[in-house]
Every structure is written in structure tokens, then in C-alpha cells.
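Dropping the structures in below, format is C-alpha cells.
One chain, chain A, links the two complexes that follow: it is found with chain B in the first and with chain C in the second.
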Partner chain A sequence: MRTEAPRRYPTYAPKVPRTWWLRTAPFRRFAAREFTAVFAAAFSIILLLFLFALSRGQEAYEGFLRWLGLPAVVVLLAIILVALLYHAGTWFRLSAHILGRREASRGAVIATLVAIWIAVSALAAWVYVAL
Partner chain B sequence: MAGSAVITEHSLGDILEESDAREVRRSRGPRRPPLLLQLLRPEPMFWQLFSAGGFVAALLLPITVAVLLIEAASAPSEALSYERITRLADHLLAKLYLLALISLPLFHWAHRFRYTVHHQFGVHGLKGLVAVLCYGTAIAGGALTVLVLLGI
Partner chain C sequence: MSGKSMALRVGRYRPERASEPYVDEYEVPASDDTVVLDALNYIKDRIDGSLAYRWSCRMGVCGSCGMMVNGVPRLTCSTFLREFGSGPVVVEPLRYFPVIRDLVVDMSDFLEKLRTVKPWIIRKDDRPVEEGEFLQTPDEVDRYKQFSMCINCMLCFSACPVYGQDPDFLGPAVIALAHRYNLDSRDQGHAERHEVLELNNGIWDCTFVGECTVVCPKDVDPAAAIQRSKVSTATQTLRSVVWPFGGRE
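The block that comes next holds the complex of A and B.
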């Protein structure tokens, strides 16, 4: 056991309320940005269940697809999609803030990332649906 | 270890005096470990995975969710048929793609959620425990993905 030595000078410890991140709009946007990761992880788990059902055979897989078609799951997927689009926007903006001004202007970095996003999305959609 | 190195030639800093010497002398700060050991330290390693996961979640996940959403909301189509998906998932490249698609966003979540616990939920202690639980969940998820992929 260690006894607390008396402090020689007062320290300034501001009291921050637990809900500080709800107070202003930028704080709320920050909290929302951080929370999008929860939806990304939720989708990772859905994908993992998808693959697990696939590994269990045709019947399990088709049962999973029926679960995926439930209205509640469709709504959940729509919420995940909105969260991920918000994540993509904020992520590109963050990248531009880190790279921008040193290598290129922030606008140029964001434009490049959006162009890559469109190309990658088109390629992935083609693989998912038509390959 | 400091001071054990034999200096074979004088640098300009050894010849100059006082503040002038301090300006040009080689830094004698703590020696960094070799590059490989630096890369294997947990914090930069998890940060790399967080960053990679952020890009996967931004570039690849929205279209994946959108396709799955459209397929789930509409009548069953040929695209998600058992035969077609097993044929696609049979390829090694597809398995590696799926591993990245599932595990990297989990590492992204682990890093952000770790700080969400401290900043938004107001838990100010237990930093080590929270980190182990978050990164541990991501590692477990990645291992589980590998197991499931090997079973397809």
C-alpha cells in the first residue's frame, strides 16, 4: 500500500460531464463518426454468418437468405448502409486533412478518393452480381 | 549500453564548444530498436489494421451492403443462388478477399470502440482491459473467419 503524498501545488482538473459529446454539433458529429464502426462490425458479423450458413450446405444457406429477407433485417441493412456511407465521407475527409496541403490540395485528395470509390464500387458490384 | 560505442572519428560537434556544439552534434537520444521490432510493437500494428479496416469499410463495404440489401429486399435471384456463391467462394482469391472484408473492419471497430468506451461511455480506468477485450474480439473474429472459410 502506498500512501498519497500531499500535493505541493493545486492541479487544475476540469470536470467534464459524461455527455460532453452531445453538447455541440461538431462533438455530436465526432461521436457519430466513431459510432459508425459499430455498424461496420455488425455487418462483418452478418457476413460471417452468411459464410457459416454457406459452409453448412444448401438448406442452411437458403434459410439464411430467408432470414436476410425479414423486414427487420432489411431495415437493419439500410441503417448499416447509411452509417457506412457516413463513414466513407468522413474517412475521405480525414485522409484529405492528413495528406492535403502537403502533397496536394484537400479538394484534389477528396476528388481522387471519390473517383477510386466509384471505380471500386462498380468493379465490386460487377463481381457480386455478374461474374 | 549508452557510451559503449567507440567513436572512430570526431564529428564537428566534438570540436565546437557549448551551444554551437549542441546545434550540430549527433543526437544521443535513446537508440531505436531494429525496424522489424518497431513494426511488431502492438500499437503501430493495431493502428495499421485500424487504418486498413477504415479503407475497407469506406471503399468496399457500402457496395457490398447495397447489393445484399437489394437482393434481400427483392425476389430471390440467380446472383445469390447456392450454386453460384459456392462456385465464387471456391477460389482462393475470393477467400482472401472475404477474410479482408470481414476481419479488417473488425480491427477498425476494435480501435475506435476502445476509445468510444473511454470518451463517450466515460470509463476512465481499465485502459489495458478494454484494449485487450476490443483487440481480442477482433483477433477472435478473424480466426473464426479463417475457420469458416476453410470449411467451405
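The block that comes next holds the complex of A and C.
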């Protein structure tokens, strides 16, 4: 799309350093937001493995539950939880930026999202306890 | 004048003298109401007439005097020296643009991209003037007004690491202005802007770093314009696939 007309004058184009994302605090927060998406992917894979084990019968399912109980896996899941909470928080803020026109309505968007989040978590907890 | 002074480190690039840029340091008078542009004018008038930079209105309207001030894209006419304590203040040309001379950057890329999104009202059924104006309600004006405040100062481009990584990215201000016309009730040019905006190097290249909005001196909020543009495109595509008759109303 860019039409490169030959320049009639010399120019200097500084190189962008590979570490640009470390340069300022907002860039570092952006990098943290993007990096924590890796943990969202990791959790999705664990969830898929869980469903796969479930489909292969009781033995496979119980084996998977034993794997989930391993100390190393518990530590991994704890790290994933923290990363996902952070990641979700960043997207609540970003969603508010997209949907809310003024600061007040942005607060309302975040409040709504958090309320939905709590409601869905409570529903999931209730299903887990009830069954 | 309080008699105080401050050091200004100014990025210089003079291709006829040196192939690489360098820094010149100047001592300028600094009172509470001195802005960076005043300091540059002081240097140009009293110390070093060879310094090159762009400016015009001195009041944050024309968008000519954007530069990097201590690493942040700012309008130098609205940036007071007093913000920086005892200094020094580092003034450099806008980041990610090729530098022509000292603090002057090449704007061609921005201007060419701006033209590609057709930032004007497009009508399929143009009416003769005798039939009167296209009326808009205050609500209809409100939908796009914020995005129409852009002064093309390009600070958002210099704040955008996506543009820094990929110079083909359409860029924040250009997308915000395209969005402004797409939101205008008088406009019928959405389809004409579609290809540039929604295909290669358009809205989907944006990773929502959000710094364009932070640096915008006119509160245009290009980041929101781009994300809302993504939402409306995705919704339209989904409707055309899922809804009967392509979701047409």
C-alpha cells in the first residue's frame, strides 16, 4: 500500500530497539498483558486434556485427577490462576475503554463485568458443590 | 523573567555535515510560562540560527510542533519547561518517522495513508445544492465529534509501537479519521473505506497498546476508535454470515 516515491533528500531513520517493550511502564504493562495470554492458552490445553480424559472412561479420568493433585501441577495451576486474574483484569479495563464513552460509564462497564464474573463463578461453584 | 535558565539537549541531524544525528546542548532562559517551543525559538533567534523545526500557531491547534520531549511525543507549544524541574530537557524529532533535518520529520507516509481512507464525506446519491443541506441531530453529531477533533499532529504515530515495528500499519490518527467519517450520518462511503481499513495493515494490526490515546493533545482517543471499528466490523461480518438475507435491515 505504501508508495515509496524516491526521496529527493537524504533522511535518517533510527532503528527501533528489540527491547522497545521494556522502555516505559505502559509498554511493560502491555507486554505483561500479552504475555499472560500464554497462561490462558495453557489453561485451555489443561481443560482439553481434562475433557479428553473424561471421554476415555473412569480410569483415565481418575488418573488425570491424580496428575492434577501432584504438587508441581498445583503450583503450576496457582501460577496460571494469578496470571489469568491479571489478564482478565486488564481486559475488563480495556473493554471499559471501548464501551464506555465517559469516565463514569467506564466505571459502570467494569462494575457490570465484575458482577457477571462473580455470578458465573458462583454458578460454577454451585454446580460443583451440588453435583 | 526570573533569571533562571535550563539546559536543552536538542537532537540535530544535518546530512550535509554528518551522516549520523548528534546532540547540541543549549542554555535557555526558563520562566514559569516558558514552553519548549519558546526555548527552541530562543535558540533559533539568539544562539544558533541553523536549528530547523516546524511550528505555526503556538496554541495547540495547528499540530505542527510535535516532537519527542524527554522521550514522550508532545506538542512543544503546550509543554512547559517547569514540568521538568531543573532539567535538562531532551528534544528530539518525532519517533518512527524518517528525519529530514534536526527536528523536522518526513510526513509523506502519514499524508499518503490519510488519503487512502478518503477522509471526506462520500455520497452515492449526491443531491443538488438547491435541495438544501443534510440535516443532523445533535446525537448524530455526537457520535463522531470526538474523532473529528484530530489536528494531524502525528503524536499518536510516535507513541505507537505497532507503527514502529511495521511502518505499513495504517496508524492511529488515520483509522480514527476513517472511523469519524464512517460514523457520520451524511456519509455513504463505508464500503469504499472497507478495503484499506479492514484488510491488510488496517485495524486488525492494532494490538491495543493504548498509548496513542494517552499522548493525544485533543482527546480524540484513537485507541477507542480502532477497537470500536473492530467491533462494528466483526458484528457486521457475523450478521452477514448468521442472519438471514445477510443481516440487512
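Observations on the structure shown:
We take it that the second predicted complex is superposed on the first by the 113 of 131 C-alpha atoms of A that agree within 3 Å, B and C clash if a C-alpha of one lies under 4 Å from a C-alpha of the other, contacts with A are read in each partner's own complex, and residues count from 1 in each chain.
Throughout what follows, contacts are C-beta pairs under 8 Å (C-beta built on N, C-alpha and C of every residue); 3 or more make two chains touch, one makes a residue touch a chain.
Small disclaimer: the values here were computed from a predicted structure and weren't measured.
More chain A residues lie in contact with B than with the other chain of the pair chain B and chain C.
With both structures placed on the common chain, the touch criterion links A:H97 to chain C but leaves chain B unconnected. Touch criterion met: A:T11 reaches chain C, while chain B stays clear of it. Of the two partner chains placed by superposition, chain B and chain C are both touched by A:E34.
When the shared chain is aligned, no partner comes close enough to touch A:V114: not chain B, not chain C. By the touch criterion defined above, A:A88 lies against chain B but remains apart from chain C after alignment on the C-alpha atoms of chain A. In the superposition on chain A, A:W21 contacts both chain B and chain C. Shared interface residues of chain A, touching chain B in one complex and chain C in the other, are 21, 34.
Considering their complex, residues 13, 15, 19-21, 71, 95-96, 98-100, 106, 108-109, 112-113, 116, 161, 164-165, 167-168, 196, 200-201, 207-211, 213-214, 223-224, 227-228, 231 of chain C touch chain A. Residues 18, 21, 31, 34-38, 40-41, 43-45, 47-48, 51-52, 54-55, 58, 61-62, 65, 68-69, 73-74, 77-78, 80-81, 84-85, 87-88, 91-92, 116-117, 120-121, 124-125, 128-131 of chain A are the ones touching chain B in the complex.
Listing the residues of chain A that touch chain C in their complex gives 1-3, 5, 7, 9-14, 16, 20-21, 23-24, 26-27, 30, 34, 94, 97-98. Chain B meets chain A in the complex at residues 53-55, 57-69, 71-73, 76, 79-80, 82, 85-86, 88-89, 98, 101-103, 105-106, 108-109, 111-113, 115-116, 119-120, 122, 141, 144-145, 148-149, 151-152.
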